[in-house]
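Each of the two complexes below includes chain A, the first together with chain B, the second together with chain C.
Up next, the complex of A and B:
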């Protein structure tokens, strides 16, 4: 009798568990599984975007895109952008976090202001930077010409390699505060006695940074690099608004190519195929990230 | 000991679950209609403040005449309308009326069953009141009209500064490319550049360069819409465009419509390339040069090649998915009522030119300060626009090109310009690649 009651109770608890988890599963299916399956499904069709009418083409879209030079050049551009901007974000971010960790004047104010680029809308940020870069009225050209560094205004966004360098710099400026926040939080938890021990051993500031600070930051940096690599890889608005992918296709990354296929050429099926390939590439980052976090947990 | 909640009632697990289920069910029910008002949405990429004021006046007049109808104006952009409309069409959340898009865009949408025939609206406006042939560009292969012009525009007029020409001892406006280049070279000094031609990866570069090819005697498509780009005229056009690069500001590699007009209006360039919007902007933003500004049709490679004016034929059309087609048609016709239409034209005098004869002759229209100050320029633009063409309608002999919007949107022509002019790639190779890319779009 007791056994029977327990079983019934357990069964009811199981049902309750299922009911409670059902909303989460439904939301997960709606926001993750459905779009994912839809994208893969769409990529198997040739679809005219405005009408969403299409014909089955199987894997033709994948064959076509892999044979296209534009895909490979965009992938290369995507990697250059990601590596370039991520490197600068880490360097600026760690450097600024170290400065803000010191006992300087207006430290609280500086810690708040440093977040400004990260919080500002990308559209506003790009408008400001385009104004700074402007060939006729931009302050950068004006200052450089006034200082006698250049005779004619520089074309920051319309020629290579200026365009890629500019985009990478603006990206680094926009996103380095994320690194500052994460690194600063970690810096505040490094035990002081490690530095004291290093000092007693005769370590100078540089040695203390490389032998104490950097090893302590390693774990958090790995997570930051993984997250930012994923986010930077799929960056769209900043690059699109700054250069539109130009000159020619010199700053055209894969997200811009997806947009072009979907909305300029009205080829939603091909755009989905590009998006699926992008997802597979990002999956590599994800797997590294998950493995890393799992090993940290263990 | 009694369990009690903060409200003093005991809530059982079963009760909580029932409550959650009921709440979820309520949330999923459709909302009741909030009112009996009919709302239509109006999209346009032309949204300068004065233009929006004019639209609001037209909306107010229509709403007053049609109680229970509300019109909501929403802005799109010249570079952004294609993706926005593609998303709108695919989601079914379409605007009820769209204005000021180029004619070739509508032809493409109509060919895919996305646009309502516009014949009834043209009848309501009065087909005899249009300038001759004004609606030809809107006639589809099935004989229906896909929309109508809300105005004409002469987008590639050559704008000149008479004061700078005088300083440079240039007596006449350039008629050929050689004369234009020489004039720009003579006027490029003291921080002023010769011209603001666009070299960006955008629709302006595409549309202006289509004109340049025609000014060299060439065309993009033949009359049967086969790609006809691989000609000496295209090579000449690229050579001319490359030769003008040193006469343009460094940032022209990213110029679109906004940058091009600003460069001339601000006085940073001696010549300009734009519509009549220059007139209003110069008077408002740079009055010291206002009396020196004039325009001519853009020069051609030689005097025996006729001028070719790019007119995007700013349009009005109604998406087929609109749930208020009757109201949208009535509103579309109301946009041409004299008071509102004239106010709209006056919001950008010379930029959008009237398509109705009665409006052009209307003293109220002619009474505008800018139109009176520049009668020769406005008349020239009106004539040029009336005889103008675009990529969807390259000449009177051409078939309507339903794929023109996608060719422009793909950016292949702007890419061709950038590859040859900025990257210095071999023109023959680039023209071959571009031809193939356009052929793929036409086949797709």
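Up next, the complex of A and C:
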């Protein structure tokens, strides 16, 4: 008897549960599943962008792109950009978080200022940087020359490797505040007693960093690195606005290539195939990220 | 030989005086408790000794060395934290040997010392576990192990048992006493639990409001509390304290309060007539024929005795103890008497000093038995 009423009640609860998550599931399908499936579908056609008319080509797009040098060059560029900018973001971000965690008098002011690059619109930030980098009127060249570091104005965005270095640096500047905030939040939860115990156990400041702070930051760093890796890998506007992929194609990452295929070469099918490949690459990071966060919960 | 000395130590946080003019002389090998209510400055005192907090005045010595400016790692002390403060990513074994590692003890020696400590604390089967895979009692032992492993001059313990359940706490108490006897090291133990302080310590430093109230063996703190605060803080159920006045009459002192009058000859020469307080422990009250009339208000049965609260007059409550087989009814009228030899007398005020002559003094034989 009891058993039966209980299962009835349970059934009613699960119905209610379904009802409650239904809106979310619908929205999720509309904005994530549909575009995803549609991208995979489009990648099997040869499509002319302005008319969106196309013919079935099967896996031809994939065969072509994997055989093309441009794909592999862009992938390489993409990895250089991602690894470069992410490394700098982590180093500056953790360093700055450690500084801001100290009891310095300008701490709260600095904490708000540090967020500035992250909140500012990419377009605005890039325009400002382009002015700073400008080889004729740019303040950067002016300062470097007056400091005697260079004799001649440098072309920061028009030559290699300068362009790649500039893009990586601007990316690091723009996104390191995210690392600062995430790491700082974690730092504040490390119990003081651990540091005190370490001091009594004879650990100096460096030993305390490696034996107390770093192990406590490990989990959060994995999550930050995975998230930022995904976000940096697919970064479009910053690079597009700063160099447009140039000089020639030296800073053309995969997202820029997708854009070029879709809207400059009008090959929507090919562009979709690139996008699907990109997604597969990012899937690796996503799986690691999900594994990580799940094991943390258990 | 004095092992730890506090001379006029004070600690101020902003304008708040957390520890005020503290003087303590701790002998080598002694087990000392810092006892007092929450917020009285016990932890601050311990942390100053550890070097985690710096005194704003006075001098702290460990051995013959003034340590005011010595960092914690060089003071030859070890500390057990209330929260245990185990390194969460290290195994039990790594936690215990960490202080040795930081002191560059060679690896083989380190392993041997760690194994010995683990053996002593019955941690050997747990050496590869992480702290979060241990029970509270086991974590506590690891924290002890990390302190014991390098055999420091002084052990500092900040309420180490307060996160354990009652039964385990009792067990750990005996273990700590045994440990102290075996190692013969100086131990400074912070607690707000008088039972811990009374059962474990050679001497107890009772603190209140940042000030040392009394520093004496448990027996003396109980039998000869230095002042009214100590008298009321030590003992469960607490001492009955009655406000009243003292007057001198016919070569002896008479204490009077509404419904109560007690005579004594055992007060010291500094006693003055006027407002005062009398303290009497529950065992100093006897029921039956007596000059004090009251009404039973509350009875607590502990199993081996009954704690009886009696209302005397309109608002005075006296607590007494009787045998468990004596049956009480709330509302019942009783008569009480006070054993004047067991009565304590205090100057007026919350920290009024005790006026009784010392138990050992010659003019005081009747109380000394």
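The rule is short, and it goes like this: the second predicted complex is superposed on the first by the 278 of 298 C-alpha atoms of A that agree within 3 Å, B and C clash if a C-alpha of one lies under 4 Å from a C-alpha of the other, contacts with A are read in each partner's own complex, and residues count from 1 in each chain.
One rule holds for everything that comes next: a contact is a pair of C-beta atoms (placed from the backbone, for glycine too) under 8 Å apart; a residue touches a chain by one contact, two chains touch by 3 or more.
Here the structure is a predicted model, which is why all the values come from computation and not from measurement.
Chemist: Once chain A from each complex is brought into register, does chain C clash with chain B or fit beside it?
Modeler: By the criteria stated at the top, chain C and chain B fit after superposition, with no clash.
Chemist: Could you look at A:48 and tell me whether it touches chain B, chain C, both or neither (first, second, both, neither)?
Modeler: It touches chain B, and chain C stays clear.
Chemist: So, does A:60 touch the first partner chain B, the second partner chain C, both, or neither?
Modeler: So A:60 meets neither chain B nor chain C here.
Chemist: Give me the angle at the C-alpha centre of chain A between the C-alpha centres of chain B and chain C, rounded to the nearest 10 degrees.
Modeler: Here the answer is 150 degrees.
Chemist: Which chain makes contact with more of the residues of chain A, chain B or else chain C?
Modeler: The larger set of chain A residues in touch belongs to B.
Chemist: Tell me which partner A:70 touches in the superposition: chain B (first), chain C (second), both or neither.
Modeler: Neither partner.
Chemist: Please give the least Cα distance, whole angstrom, that chain B and chain C reach in the superposed model.
Modeler: So the smallest C-alpha gap separating chain B from chain C comes to 39 Å.
Chemist: Within the complex, which stretch of chain C touches chain A?
Modeler: Its residues touching chain A are 50-52, 71-74, 77-79, 81, 83, 85-89, 98-99, 102-103, 146.
Chemist: Can you list the chain B residues touching chain A in their complex?
Modeler: 13, 17, 82-83, 85-87, 89-90, 109, 112-114, 199-202, 249-254, 263, 266, 268, 406, 409-411, 415, 418-419, 422-423, 441, 444
Chemist: In their complex, what parts of chain A are in touch with chain B?
Modeler: Residues of chain A touching chain B: 16, 19, 48-52, 133-137, 152-159, 243-249, 259-260, 262-268.
Chemist: Would you pull the chain A residues touching chain C in the complex into a rising list?
Modeler: 191, 193-194, 196-204, 207, 211-212, 215-216, 218
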